[in-house]
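Chain nomenclature is as follows: A, B, C and D, assigned in order of appearance, with residue numbering initiated at 1 for each chain independently.
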Amino acid sequence: MIEALVNLGWNPHIATFVALLLGVVACASFGLIWFTVIGLWLVRKVAARVQDRMGPNRVGPFGLFQVFADLGKMITKEDITPQGADKPIFNIAPLLAIAAVVLIWAVMPFAKTLIGADLSVGALYFISVASLGTLGVLLAGWSSNNKYALIGALRAVAALVSYEVPMVISILVPVLLAGTMSMNGIVEAQHIFYIFAVPLSAFVFFTSNLGETGRAPFDVIEAESELVAGYNIEYTGIKFGMFQAAEFVHSFTSCALMAVLFVGGWRGPGAELPGLAGALFGFIYFFSKSMVIYMLLLWIGNTVPRLRIDQMMAFNWKFLVPLQLVNLLAVAFVAKILQPNYEAVRATAESGSTLGNIYRVFGPEFIADLPRAIALLIVNVIILGGVGLMIRNSIRKERASVEANRAARPPYLGRRTPVEQPAVGD
Amino acid sequence: MQTVDWVQWLAFGILTLLTIGSALAVVIDRNIFHSALWLLVSLFGVAGLFVMLSAPFLAAVQVLVYMGAIVILIIFAIMLTRRLMGLTEALNTQWWVGGITAIVTFLVIAFVLFQAGQGANPILVREPIAALNGRGVEELGKALVDPAQYALPFELASVLLTAALIGSIVIAREDQ
Amino acid sequence: MNWFDVNNLLWLIPIPPLLAFAAIILGAGRNKTLSHVLAIGGIIISLLFAWLVVARGLAFPHLGHADGVFGSSITWLSNGTNGVGSGALRMGVFLDPLNHVMLFMVPLACFLIFIYSLGYMAHDPRNTRFFAYLSLFASAMLTLVVADNLLLLFVGWEVMGLCSYLLIGFWFEKESAYKAAIKAFMTTRVADVIFMIGIAYLWATTGTLNFREIMFNATTMQSLGSTPALGGIFGPTAAGVIGICIVVGTIGKSAQFPLHIWLPDAMEGPTPVSAMIHAATMVSAGIYLIIRMYPVLSAGGNPAEGIFTGPMVLMAVVGAFTALFAASIAFTMNDIKKVLAYSTISQLGFMMAALGIGAYTAAFFHLITHAFFKALLFLGSGSVIHAMEHGEHLAHDAAHGHDTGHEAVALASAEHGEASHPAEHGHAQEAHDAHGAHQDTVVAHSDFDPQDMRNMGGLFRKMPVTTWTFVIGGASLAGLPLITAGFWSKDEIFAEAWAAGTKNPLGLVVLIILALAAFCTALYTMRQLCMVFAGEPRSEAARYAQHYEPRTRANRNVSAQMTAPLIVLAFFAIVAGFGGINSGFWGLGAALKGIGIDAPFGHWVGQSLLAEPEHIAFNIGPVIISFGVFILGFLLGLELYFRRPVIAESDPIAEFMGPTWYRLISNKYYIEEAYKRYLVRPLTWVSEVLTPQLIDRGIIDRFLNFLAYAATQIGNFIRAFNTTIIDGVSDGIPEAIGDIARSARQIQNGRIQRYLLYSLIAAVFIGANVILVALASGDLVRAVWVIEALAVILLLIFFGPGRPAPTSGGAD
Amino acid sequence: MVPLTAFLIVAALLFCIGLYGALARRNAVSILMSVELMLNAVNLNLVAFWRFNTPAQDVGSGLPIGMSGQVFAVFVFVVAAAEAAVGLALIIAMYRSRQTVIAESADTLKF
């Protein structure tokens, strides 16, 4: 495309810019539009099924157009800007929130040739862009000039910033194994999907994404049934809709990222084909993987009870972060020792010997990656075992202390108000 | 070469305007919260300039560290001390001396640059190499952990961060 | 990678105590045993590493020559190009004969002191912290010794300064202790800043801080010795300025004359600290530094021909003066540790003076022997103090009508309860109130001072091991001929001074002063020995002084832990001297040469220099001096003190010297008072009285009043002619002057932004002037400078009309 | 390519604006923000010099490219982060003890 434009006599820089812009806009808006149409419907349907309801079924076939009805409602509602609000910031905040999510799609590899911009620092890019979302929340809460909004925002930001830590550390694992921060590079390096080699990292990434996107069981930020809405309490109409959309898209985005980083993105049989066919295959794989993960997310979100904020924080800082740090160290250690030797394996495969034929069946890269993956898996299992032991011990200890407390406590202390002793004597 | 130059100049101009304009707003705006937001924009402009200088890693880190962490920290601090946000007077009594000093400093720097440019100082007129062939990030990573280069300062930097972390917790902690 | 290669081993030497420090601080909590194990383990590993290195070094015959140096370095701060000598700062370690010998001595001394501390500090509640500090200190000292460049050396130097501060103030409940800590820290800081300037200048001149790169490079040394410093404005060469800065650093660290005041006060720390820091290692580090930097100090001169450079003259003068001065103070001190402290200052002065006249190996030889016998003396004095405290406790019990047995002790503590013996030495519980210090607590229930020699006497019957080792140490300090190490090293210095004296009168002066100082040394050593050990006990405490209960054998291991290091050190205090005997010495030298020991020390250490110093031939003169001063001092001391009880007011030495001199000397020549009077008080006066009262109120106000008064009078007088004009003047002038006065006060208003502004204005100002000088002609420059001066005045006026400073809350 | 001098001028402007802010603002948080601006100016300088003064022959060859400019910029980031954390902690501590964040009112350290 760039060449075509340059051939038309365009300035090469402008041509590059325009091509990138088009690519980014196309990719980014795709995520948004696709999701608002089908994703929202899916969310409602799954939630309904879990709760033994029907879900949307009136507007369009299977209620598919329910989204548009909602959208119409959002747009037509009155757009209020509170009088004491800091107007420019109040209006920018929803844009910032949605931009932070949408911009991530710019580096999302849909297929081998289908990516908005294959930045060499792609992983770092999406981390930094995602951190803008935090800012949007904070600005929204502050500019509303409402103390509930502010408190909600502070709470949300505390949670988001905290859960960013394990997320970033878990992203380091695929980056480390692939040796690149480019998103396409990470996908291409996954001859064995990383979820099989480093399931713990995948678990931490998934869990911290739940916290990061405010899905259950970490949805204290929103907690519709307990709080007034939180940081977006003063928002109405389309601006409120933008926050909602940002949040929904963010959760799907995190699933897509999970698919890219740990489940091999567009990889699958036929995805390496040249031209449109490969792109199509890759696209299909990418989306099916994302959708599977997304269904998992919905499943968890609709069944697991909500945590308190202190439990949420403790879970993050006392469990996820140390676990992932240990994991990262172990992975780095193993990855340093067992570096896959692609050349040697490839040469064997070319040689035509029996071993080479076996290699060719599985693919030489797969074979070359195998020892490392197995070692990593073993290490992960060992860590998991250690963690399990620790958890078991701590639970036991806690139980014992609870029992001891219960045994030691005089019965009347258990009551709300101490029973007054009747006066004796006089 | 001349044909593409104006595009770069355009980008440079926009980014400069963004950076300098919002930096000015940072120091002029009376509302400190707005100041912090302007700081954000200014830092974003600097990140853009980093991209122009083929340092995409630094640009990403700039966005991540400054905009994602430092500015949020600053905003938190503003909120925690917000009883004073309604300050009527943003500037102190010596603001105009400060202004003169800043201007004079700038003039001195500009003068030195101008002088050096006149003398065709080889450092200033050297052309950049065409492209780094995407090796920047990798090389940066290697330089940071290479014992012959910056491994030791790098480790020290992490110690510094830890010390700052502990120190700030100790300082800001409420006395028991 | 061979971990036991010397190049790698050197890195590992300082590490174990550092790890021990971290482990104790972070992990040991209040667990004494754990902290002991960690600290002793750390220092033992260091000792093993160091001695392994020493053994390897000995096997290498040409250690120290241009090709014979072990070590490795890594880039600390790269400047893009990473080669050697490119200006990049590199950190590294190396081994040459100089630090080879230090590596033998330092870990050994540290190790012995650690062992000793086990016993001495056994009952201190902050035991773990003490061992952590000691470990950190040992690590810093070893870092300093293995460093191959000034920067790393400076790191160790400063960490030691910190440890010194922490350890002097270890019993910070005592006011005197924490004040002494602050004093030590601040005094050495003064010197360190100048030292740092010297380092920076050296780096700016040569582009490297590596010792070998500077000193084994003849062209660098040549240019250092010949380039005029700072554009030739002040005269001396670059090497001279750098050298003086370094010598000033040493003056601070090694407590030489103008900055010596901190060391006696440092005796407030626990005795092992005094032994370790203030005798054996840290103060020696100052001397080690100038020995290490000797080529730079002497660059441009030729000591062998009697041509001394500026820094050397400074060293010779300061060193010789300090040697005599401190020695003379020492024989009026009654505190057992203060005597040793002044003796340390004096001996360091010996080394400094020796270096000043080019006696490179002799100074280093004395450094090593002194480290051994001074550590011995300090540890011995600690043992005495410990015993005295214990004795005081027993005496206390006896006075209450009990026996001195174990039963009595138990009864006594039961009777008085914990409150009356909060942290009694030997029977301490964990004291939670402030009194961790045993001296302190003893003082708390009586006015008895266990360190006062006037309370001692006759201790040789009570503690024979301590007595004998102490006597050996004292003999070594005094220079008992032929046997002790101190004699040989001192003799070596005299010989060098004698040789220098034939070429330069400075040498002769140094020789005479040092001989006098040596005489004083012998005298005060005799005084101390007699007062402490000879005669009859002069107090109850001395009568009961002992380490442990003979009957119950409690605390027996404490005693062992304290005496074992003494014995080891006593061994070295004698043997160390035989490394440096001149082969020309009658009989003995020849005999030793016969069995292959030919002043090995001098030859070995001399290899650290590019041009090995020539060894002076044997000369009868200095030997006679050595013998003479010792015998004189010994006899006089014997005459004055042996079997004579010394009571407070009639020290025999006082009769001997006459009251005026005695008063002068016993007040330490009023140095501290002079500092107080001529430095501290004037400054306080300026800030408290001069500025606010005299200038503000006295001069300006009065001047204003006078002006106003005069103007008013004149105004009244002329009002008849023209009221308006005169009124304007008479109001205007005082107001203007008052404004200036207020503006001057506004300069220091405590506001950070204002200070920032000042510094920035200054920076811009300097920058603009630099550009101006670079570009403009002379006349223009001068014209601009006049304008600038006016601008400064105007600026001062600008700051005036500010709000008057708030008067609440004390002086402004 | 835009010449080096242009970047340097921008950095100088940014620095001086930060300088002005550090000198003239009353709120301590503002001063901290101004300091961040100044640090950014320094970073811009470092990266610009790095970009224009990396020897061309290094890039083509397999040898390591000199990365000093970027490395120092990274260290400046580190220092900036540490400074922001400690600085803001100080401001909060000051707010807690004296109920103010005005830099001028913290002026008792003049004796």
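The rule we apply is simple: a residue touches a chain if its C-beta (ideal position, glycine included) is under 8 Å from a C-beta of that chain, and two chains touch if they have at least 3 such contacts.
What you are looking at is a predicted structure, and each value in this text was computed from that prediction instead of being measured.
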item: Intersection of the contact lists for chain A and chain B; value: none
item: Pair with more cross-chain C-beta pairs in contact, given B-C and B-D; value: B-D
item: Relative to chain C, chain with the most remote C-alpha centre; value: A
item: Approximate Å spacing (C-alpha centroids) for the pair chain B, chain C; value: 45
item: Chain A and chain C, separation of their C-alpha mean positions in angstrom; value: 61
item: Distance between chain centroids, defined by C-alpha means - chain B, chain D (Å); value: 5
item: Chain centre separation in whole Å, for chain D relative to chain C (CA means); value: 40
item: Multi-chain contact sites of chain B, meaning residues that touch two or more partners; value: 8, 57, 61, 69, 76, 92, 94, 97-98, 101, 105, 149-150, 153
item: Residues within chain C bordering two or more other chains; value: 78, 753, 757, 760
item: Pairs of chains, among all present, that meet the touch criterion; value: A-B, B-C, B-D, C-D
item: Contact set on chain D toward chain B in their complex; value: 1-10, 12-27, 29-30, 32-34, 36-37, 40, 43-44, 47-54, 56, 59, 64-65, 67-68, 70-71, 73-75, 77-86, 88-93, 95-96, 99-104
item: Of chain C, residues touching chain D in the complex; value: 78-80, 748-753, 756-757, 760, 809-812
item: Footprint of chain C on chain D - complex, ascending; value: 19, 22-24, 31, 66, 68, 103-104, 106-111
item: Chain A-facing residues of chain B, complex; value: 3-4, 7-8, 33-34, 37, 40, 56-57, 60-61, 63-64, 67-69, 71-72, 75-76, 79, 134, 137
item: Contact set on chain B toward chain D in their complex; value: 5, 8-9, 12, 16, 19-20, 23-24, 26-27, 32, 35-36, 39, 42-43, 46, 49-50, 52-55, 57-58, 61-62, 65-66, 69-70, 73-74, 76-78, 80-81, 83-84, 87, 89-92, 94-95, 97-99, 101-103, 105-106, 109-110, 113, 117, 123-129, 131-133, 135-136, 139-140, 142-144, 146, 149-150, 153, 157, 160-161, 163-165, 167-169, 171-172, 174
